[in-house]
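Input: structures, listed below.
Look at the two complexes coming up: chain A is in both, with chain B in one and chain C in the other.
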Partner chain A sequence: MRDVAIVSVAQTDHRRAVPELNEVEMIQPVIQTVLEQIDAKISDIGFTCSGSSDYLAGQAFSFVMTLDAVGAWPPIVESHVEMDGAWALYEAWLKIQSGHADTALVYGYSKASPGDLPRVLSRQLDPYYYGPLWPDSVAMAGLQARAMLDKGMITEAEMAEIAHRSRTSAESNPHAQVKGSPSVDQLLAEDYLSNPLRKHDCAPVTDGGCAVVIAAGDRAREWADNPAWIRGIDHRVDSHNFGARDITRAPSAALAAEKAGVSDGQVDVAELCAPFTHQERILRNELGLGDDVEVNPSGGALAANPIMGAGLIRLGEVANRIMAGDAGRGVAHATSGHLLQQNLVAVLEGSS
Partner chain B sequence: MSAERVAVVGIGQTKYAAVRGDVSLPGLLREAAYRALDDAHMTMDDIDAIVVGKAPDFFEGVMMPEPYLADALGAVGKPLFRVHTAGSVGGSTAIVAASHVESGVHERVLTIGWQQQSVSEAMWALSFPIPFQQQLVAGAGGYFAPFIREYIRRSGAPDDIGILVALKDRLNALKNPYAHLHEPEISYDSIKESFMLWEPIRYSETCPSSDGAFAMVLAGEKAAEASAAASGVNPAWIRGTAMRSEPATASGRDQISPKAGQDCAADVYAQAGITDPVADIDMVEMYVPFSWYEPMWLENLGFAPEGEGWKMTESGRTRRDGDLPVNCSGGVLSTNPIGASGMIRFGEAAMQVRGQAGDHQIDGARTALGHAYGGAAQFFAMWVVSSEKP
Partner chain C sequence: MGDATSEQEILRAPLTIGYDFQRTTGPVIGAFFTALREHRMLGIRDKAGRVVCPPVEYDPGTGEPLTEMVEVGTEGTVTTWSWVSNLRDGQPLDVPHAMALVQLDGADTAMLHAVDAGSPDNIGSGSRVRVRWRDESVGGIRDIVCFEPIEGGDHG
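Right after this comes the complex of A and B.
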């Protein structure tokens, strides 16, 4: 295996809606920043890979136009995944491992604001049985939270505490969309949005994106004083038959964590992509993170959730803490599908 | 860095048709996947990772369908990866699957490309107006016709070259039992008399809209040799893979012979040690959705000098008895489930060097090129496969 590290991270200032910009205009400054931070040009990049969704853009082949944001002239070596940008990073990591490139630009983005996001996400369900019922993503997550409450895995107060902690942490995140929180008691006095979920239990709807540069060996050391080395990265998927499995578990997250080597050392920080409060508890369980591990100091997906970029942001947030010397070893997680069905886990480490 | 050697050891495809109403979406994929696994003498348990690709999700009306398909593809508990790079996606998906093995991370990978186009109307799915963006107008044919007219103007090609390509590919399809269109009565005159869709593209010079899936099993050196020993079929060794992209609009861009295509070909030839493409390559599976793209890509890929691709077509050199057979399977002109079309090109090239192409086999094919393109002729994916290990 080659040593590959994250050396630069940039993201939008996330907002509920960015109606004045199209996707190219929204992501272009982020790509420019991620390269400028390391004095690089697109010609210094060996491979480019992005993650986005046609369903969110409301257009077939929507990713084609964002090539304009990269400045792909002369032609570049480039690919795209219809997945979160974290998986685009996985493809780039494979490309570097195979020796076809030494450097890669990765980005993920979406504008969720033009549609009714929970209903749009229902189109990701099996089209023959679940899909025709139009269960929205919040209702689906509500079933999962209810199952956890019934099993005694979490309480509504603990869910509110997760929301309160995340959004309080987000106060120090300049990119966050939802910062600060009423007290836990005030949160619990609110009405249900989709019983047992209240508004604070759900991630906001966000327009935004993220870009990351990764590089191998000496090139990484040239571009960053303290690169965030990718020591392990793995992704797995669980069954889509939600009625036939225990939805309070995410075995694919546990397996990805094991393969990525999460338990091989101390975890100073973890950024988990949990768009609903109760899902943070599932992920802590599956990743084997103790109560002493600091989770989502950025505020996590509960503070900003640009779908298709939210997982890549988790990698970026951990990398930034390592590059700044605030953490030695951290864990980043990304998810796809409903109820944490598909999960990616990476372990990042500083040099020392 | 030297990458792990990778070979194609299993190939399976569905029967293609305008409507495959006899199977569900997962059923369609499993039809191809099981055939590829059988060919590789493997079962789903032997597979380490699954890499899937398809064109727009709007075509089937399922957003990011891979989590839904996890169970049907035997992917539960495994990595499942989804690629989307426009029309080139089938080729790109095969390359990403190869990357999974070349990197040394995985040993045996199942890759599948598909489209179920009967569920929607591809032409109009590609034509709705979007704020701030150039509108495609009347589907892909309406977009590409002006480029073809410009090619004819520049090259001075006779106006029936497209008819010759369509006739060749549709006759080739008669030897491919999986092809969507089987038109035994087709003739030069019947193509010429078919109605004009987008000048100069006639109805019989354009690709159909198909349902179907194509699957391959890719394996690292050791696993490939074990599979070949079990199946008795020679692996198709991947000698080079390349991808290139350029923006839809850039000043200096030539849509007729895009630089991204030229660069991609140069890259894949260099990896495969090809210096004289016509002499070194035994057959080509080329992405030709509209007949005139055969002469255009012959030039873009370096098989003919600029402006002379049509002469290769006209003289019959790209027929199955010519010195550079192109699209012996019948090509995209005979079968077009968009998300699979690129993978069919890559896979048919592999079938040829494995000697398993049946009635459309080119005797003695040892080295073959698979080619795919997408978007506004701006995304390219290519691989060279060979019966000889690199």
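Right after this comes the complex of A and C.
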């Protein structure tokens, strides 16, 4: 295996809606920043890979337009996933592992504001049994929360505590969209949005994105004093047939964590992509993170949730803490689909 | 994030998109949908002996093709639910309702559908519900209008 590290991270200042910019205009400054931070040009990049959604952009092959934000002349080697940018990073990591590139630019972004996001996300479901019912993503998540509440795996107060802790942490995150929180008692006094979920249990709707540069070996050491080495990365998927499995668990997250080597060392920080409060509890269980592990100091997806970017941001947040020397070893998680169906886990480490 | 153009200068236009795929249903899902037309519910037996409803073509555990269709009941038990009050186009009911996973009698897995419970006070995990059939078949899962609580049943 080649040593590959995250060496630069940039993201938008996330907002509920960015009507004055199209996707290219929104992500271009982020790509410019992620390269400028390491004095790199696009000609220094061996592979470019993005994550975005045509369903959110409202047109086929929308990512081709967004390549204008990179500058695709002279020709570049590029690819795209209709998934979170974390999976684009996985593809780029493979490209470097296979020796076809030494450096890669990865980005993920979306504007969810032009449509009704919970309705658009229903198009991720199977087209025979689930999709024709148009179940919105909040009601779907509510099924999972209810199953956990029924089993005694969590309480509504504990869910509110997760929301309160996350958004309080987000006060120190300059990019966060939702910062600060009413008290847990105030949160619990609110009406349900989709019983058993209240508004605070749900990630906000966000326009935004994130970009990351990864590089192999000496190139990584040239670009960063303390690169965040990717020591393990793996992604797994569970059945889309939610009625036929235990939705209070995410076996794919546990398997990805095992393959990525989460338990092989101490975890100083974890960034978990949990768009609903109760999902943080599932992920802590599946990744085997103890109560002593600091989770989502950035505020997590509850503080800003650009679809197709929120998972890559988790990798970026852990990498930034390692590159800054605030953490020695960290875990980043990304998810895709409803009810934590698909999960990616990465272990990042400083040089030490 | 660039110079913000003032709100009134932003050009806006409606964009209506559709993904009008036609799909074939195959021997398993097709059989399930055909049975719905006759107001019957079918599951399929998997390699572990469980009855999966709605039926799936391949074994959830081993991936082997499945063929043994099994008739199950048209009444069942709510295993989990959430309440939908922000109604959206295309959903089964145009009044606030529950989305629920319902395990039909004789099945070992649950199916997703709406429950016309009227109020969240009228539903709980463990509630008994029955199918409300559509009069005219539309050839799919929407031949089930929704589930409805069985009067006098346990509200969980």
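The definition used in the following text is that the second predicted complex is superposed on the first by the 352 of 352 C-alpha atoms of A that agree within 3 Å, B and C clash if a C-alpha of one lies under 4 Å from a C-alpha of the other, contacts with A are read in each partner's own complex, and residues count from 1 in each chain.
In this text, a residue touches a chain if its C-beta (ideal position, glycine included) is under 8 Å from a C-beta of that chain, and two chains touch if they have at least 3 such contacts.
Note that the structure is a prediction, hence the values are computed from the model and not measured.
In the superposed pair of complexes, A:A250 makes contact with neither chain B nor chain C. Residue contacts after overlaying the shared chain place A:H240 against chain B, while chain C stays out of touching range. With both structures placed on the common chain, the touch criterion links A:H80 to chain B but leaves chain C unconnected.
Shared-chain residue A:V347: touches no atom of chain B or chain C. Applying the stated contact rule after C-alpha superposition, one finds that A:M140 touches chain C and leaves chain B untouched.
Taking chain A as the reference, the larger set of touched residues comes from B, when chain B and chain C are compared.
When the two complexes are overlaid on their common chain A, residue A:Q124 makes contact with chain B while staying clear of chain C.
By the touch criterion stated above, A:P132 is placed in contact with chain C alone, chain B being left untouched. When the two complexes are superposed on chain A, the residues of chain A that touch both chain B and chain C are 58-59, 123, 127-128, 239, 241. Contact residues on chain B toward chain A in their complex (touch as defined above): 1-4, 24-25, 55-71, 75-86, 92, 95-96, 99-100, 102-105, 125-126, 128, 130-133, 241-250, 252-253, 258-260, 263-264, 375-376, 378-379.
Taken together, the chain A residues at the contact with chain B in this complex read 1-2, 22, 48, 53-55, 58-61, 63-65, 67-68, 71-83, 87, 90-91, 94-95, 97-100, 120-121, 123-128, 131, 234-241, 251-252, 255, 336-338, 341-342. Per the touch definition, chain A reaches chain C in the complex via residues 12-13, 15, 18-21, 25-26, 29, 58-59, 114, 116, 118-119, 123, 127-130, 132-136, 138-147, 150, 192-197, 239, 241-245, 247. For chain C in complex with chain A, the touching residues are 1-2, 4-5, 7, 10, 12, 15, 17, 19, 21, 23, 25, 29, 52, 54, 56, 60, 79-86, 88-92, 99-101, 103, 109-114, 120, 125, 140-142.
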